[in-house]
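The next part holds the structures, each set out as C-alpha cells.
Shared between the two complexes below is subunit A, which has subunit B as its partner in the first and subunit C in the second.
== the complex of A and B ==
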C-alpha cells in the first residue's frame, strides 16, 4: 500500500490531507513543544497550528505553513482536533527518525472529521506503517490576548546568544526575571538561586542583537519551570524575538529552519509570576 | 570433570566476547553446556523465565586454539554449568587486547570459570589478569531440561526484515503498548500491530521471502504445501521479550528468520557464519 497509490475515492472522505516528504520536518518542531501530552491541532488553508498548554499559564504554538507540506488539502475553513502528542511523536518516529541524509520517512496525514481518528501513513524503504490515533474532544486554547499593538518592549536576538545564557542559568532559582529598558541595563536576565543572584546583560549594540525596540523600563518575573520547556525550541531555532506587553505577558517567538531550509515558527506565551514594582 | 580452553587470536576473542554479550542481553542466567565439539548457551522455556527459551550453538574449533574437556563420564562426556552471562561478558571485555586468554573450570571457594589473560605490557614483566566467575554445576539428573529444542511444527516461516528497522519499530511500539501482535504469511508478508485505547499502529513488511524448508527438513511436508500463501498466522507477544532479543543483536546476521506457530509461539532464528541462535517467545492470550 504505497502512499502514492491511495485511491481518489478514499482521499475524498478526508477533510484534511497533508503530505510531507520528510516526517522529521514535522516531528522536530512538535518535539520542541512536547512538554505536555495534549496537543490541539488547528488547521486552516494557511497551514497547521499545534498548541500545547500547561497550568493555564504557558502556551506553546508551533506553526507549520501549508507550503511546508508537499500537499495540503483542507475542505473546511477550520479543522480542529486534539490528540496525545507523545503518541503522535512515537508514531512519526516509528522508523527511528533517521538523520542519515537520503533516508527519510514520508508522511501522509489524514483526518475524516469529528469523531474519527487522525490517520498517519508513514513509509520508509518500502515499509509502510499505518497509525490511527484516537482524537480527543478539542479544548479551546487560552487566548492570551497578546496583540502587537500592546507590545511595550521587543528585542530580536541570535538564538546562539540566548542558548549560551540559558545553559548557564542558575536553575535553582524559582523564577527568571527579565528586565527590558531603553537605558542601562537594556536587556537583563536575572536569577535568584541558592548560591546568590546572577545577572546576564546584553548590550543593545551587541552583534547578537538584531533589533532593539524598548519603550519603557519593565521588569517581570516568570516561573522557571514554565519557561524551561521553551529551551527545546530555543535549541532548534536560529533567531528569537522576545516581547512583553503592557501587562507583563511574555512572548517568545522562535524562528526554526528545518532540514530543507524552510522556516517555521514556534511561539511561547507565559504570564508573569509576581508583579514587581517598577520603582524597585 | 575438566575443562580448559585457550584463545590466542584476537579476532576470535572479540567474536567470542560479542556472543557472550549478546547472550547477557537476553538473559540473566543461563546454562553453558560444554561438549567435545561445541559450546551451547541454553535457556529452557520455563514459566520462571516467562516462557522464553534460548539455544545458542558455537563450534569450539572456531574460537579456541586449545580446547580440552572431560565430562562427568566417558559415556556422558559433557559439562553443564549454570552461569551469569553478564559476569562472563564483563570479564571478557576487560581482556579484549590480551595476548591470550585461558578459560578454565576451577574449584576455588566454589566452582568457578577462571578467565586468565596475559595483557600486553611495555616492560619485560608480564601482566596476568584473572577473573573468577562463580558457576553452578548442574547434575546429570537435570540435563534433560537443556536438550536442543525441536524446531516447532510452525505454520509460517518467514525471513525477518533488517534487524535495525525491526528494532526501531519495536522500540517505538514498546512506548505505546505492552503487547504486540505478529502476523505473517507464506507470501513474504509480515505485520506488526499494536492496539491501545489511544492508538492503533500497524507496520507492513512485504517481499521478505520465506525460507525453503526442503523435504529433508524435520517438517513433514513443510508448512507451505497445504497452506494458502495469503493466510496469516499470528501470535501476540510481550513486547519487552522481543525488544530484548533485538537489543542483543550486535552484528548483522547472515540470516534471520521467524517461525510462527499460530497463537502459540514465535521462534526466532539468527544465523551467523559460526554461531546460531534460536529464541522462543511464547504467545500470550
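== the complex of A and C ==
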C-alpha cells in the first residue's frame, strides 16, 4: 500500500497521524453532522471527536474511536484544530466516493501542529492525491453541561421507527415537541403546522423500544430547523437514545454501524425553545 | 362521524386521496347515509372527481343523523397522513377517521405496527356540498377495460402531453395527442394508438365521434385503478359534454368527470383523424358569438375559492334555466368565469366547457342533485334557496 511507504522521518514531524483503509467510514459520519461549515476536531489518544455547532443552540459531535483507524498516533494528550468541513468532505470524496464494493479510497490524515494545514493523502487504484486544508483558529466548543446524573427521562429506540416519523414530520411546524412521561403517552413527538397538529406516540412496550426509563412527565419544544439536521445521522444509525435533563435540554445519541461493522457514535445536543405554558 | 378502516382498505383510501390530489387542491369530505364521499374539483372547474366508500368498506361507519356535516381540507394535509403509501400496507393496521366538532378538527389516527400511534388533527372549513351533475347512464358510448389496458395506452404519452383526443367507431378506439395550434402541427410529435374492440371487456358505440380532454386527471384515476385492480368504465356522448371515467366494486365507486373540448373547436382543429365519422353538428347556442360564454354552461357558485363562509343567500342566485338552450348567467357566474380565465397557470382550460355544480345547501329540501333529463343539460339550477 503506497500510503504506508512514507518515510519514517517525514512521519515524525506530525503530532497526529491517522490511517484509514476506507475513507468512507470517516466521510459518511462527517456528512451526518455536516450542517455547518466549521468543524472543530479534537483528537485524544482515545480517538477523534468532531464538533459542529449552530446558533449556539445545537451542537453535533461525531466520535470516531482510535481503533476505527488502522493506525492512530498522537504525540500530545490533546490536539485541537478547526477546518472547513465542506472542504474536507469534498477532499475525502475526491475520487468520486464510489460505493462499489471492493473499491475504496485509502486515507492518511496528518497534522503538524498549530498553524499548519491538515494534510490528507488519498489513494485509490494506485493514484495518490495530496490535499492540504488550511486550518482555522480552533474555537472552544460550547459546553452544554449535559450530565447523565441530571437526566430525567431516557428512551432507546430502534432507529427504524423514528426514521419513519422524521421523514413524515410536518415541516410547516416551527417546533418539534417531545413529550416523555412515565404514563401515557410515554413518548410522543408532536408538530403544529399549517394544516393542524400531528402526534406520533410510541408505546413503552413496543418492540422498537429497547429501553424506557422516564421518571417524570416532561414536555419540551425544540426548533424544527435545529433538529432537522439530525435526520442525516438518524438515517445512518441503527439505534437512537433520546434523553432530556432537568433543564429540558435534549440529547440524541445515534449508534452508527459503518461499512466494516464497526460502531461510531453521533450525538446532538439541543436547547429547548420557549417554555410550554399550555397543553395543546 | 366516526369511521374505521382496516387492513388493505387503508391503502385503498390512501390511493383515493392521492388520485384526488391530481384534480384539485382541496378535498371535500362528506359523510353520507350511503357512505363516505371524498370529492375534488380543479380550479377551472373542468374536472371533478368523487369517491364514494360504502359503509361496508369500513369496519365501522357511523354518522350523526340529523347533523349535516361536510367540510373541505387541503388535500396536501390529508396526503401527509398517508405519506408513505408504499409501506402503508405493511405498517398500518387500522385507521380511524373521526370528527371532533368541539375542536373543529378532523382526526385521522393510524394504528401502526410496533405500537406506534400516529394522530393527525387536521383543521377544516365548513363547505357546501360539491356535486357535478352528470348522467353516465344515458351516454351513447360506453366502454369498460382492465386498468392495465388504459395504463399501457396512456404510458405512450409523455407527461408534457396535456390533452388527448379519443375517437371511436363501432370497432375501434383511437387515442392521439391533441395539438392545439394548427401551425404547431407540423413540428409537434404526434402519437396515435388504435385499440380494437376486443381489448375491451365492454365496447358499445352508439354515437361514433371524438372527444378531447385533459390527460392529467385520467392519470390520477389510473393510479387508483391500477393499485386496486379494478376495471375502468368510460362513458361519453359527444364533444362538449363531459366524459366520465369510473371504477366500481361492491364497496366503492369512483367517478372522474372531465370536461371535453366543445364541438366547434373540435371540428376546426382535429379533422385529420382518418376515416371515422364526423361528430354531429353542435347544438344551437345563444352564446355562440361570445367567446367566453360559449364555453360556459350554466355555472353555479357553490364552490368559491377561499373560505367558504359566504351566506347561503349569496350562493344561490343562479338563474333557473327554464330552457337549457337559453341559459343565462348571473353576474356571479360570469365573474367567476373571468376569475378562472385570469389564472395564468391554466390558460388552456378556458376552452373547456366548465362543469356545472349544483349548489346543495344542507337545510333546503330541494337541494338534492336533480337528475338530468336531457344530455344538453349539464347543469341543474338550484332554486332560490334563500327563501
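Basically, the second predicted complex is superposed on the first by the 275 of 280 C-alpha atoms of A that agree within 3 Å, B and C clash if a C-alpha of one lies under 4 Å from a C-alpha of the other, contacts with A are read in each partner's own complex, and residues count from 1 in each chain.
What we mean here is this: a contact is a pair of C-beta atoms (placed from the backbone, for glycine too) under 8 Å apart; a residue touches a chain by one contact, two chains touch by 3 or more.
In this text, all values refer to a predicted model and were calculated from it rather than measured experimentally.
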{"item": "Superposed partners subunit B and subunit C on subunit A - clash or fit", "value": "fit"}
{"item": "Touching partner for A:131 - first (subunit B), second (subunit C), both, neither", "value": "first"}
{"item": "First (subunit B), second (subunit C), both or neither touched by A:151", "value": "neither"}
{"item": "Touched partner set for A:142, first subunit B, second subunit C, both or neither", "value": "neither"}
{"item": "Touching partner for A:93 - first (subunit B), second (subunit C), both, neither", "value": "first"}
{"item": "Contacts of A:15 with subunit B and subunit C, given as first, second, both or neither", "value": "neither"}
{"item": "Touching partner for A:235 - first (subunit B), second (subunit C), both, neither", "value": "neither"}
{"item": "Which superposed partner A:84 touches (first subunit B, second subunit C, both, neither)", "value": "first"}
{"item": "Distance of closest approach, subunit C and subunit B, by C-alpha atoms in Å", "value": "5"}
{"item": "Touching both subunit B and subunit C, residues of subunit A", "value": "none"}
{"item": "Interfacial residue positions of subunit B with respect to subunit A in the complex", "value": "161, 164-165, 167-169, 171-173, 175-176, 197-207"}
{"item": "Contact footprint of subunit A on subunit C as seen in their complex", "value": "73-74, 76-77, 80, 83-84, 87, 91, 105, 114-123"}
{"item": "Touching residues (chain side subunit A, partner subunit C) in the complex", "value": "161, 164-165, 167-168, 170, 185, 194-203, 205-208"}
{"item": "Subunit B-facing residues of subunit A, complex", "value": "1, 84, 86-87, 90-91, 93-96, 117, 124-134"}
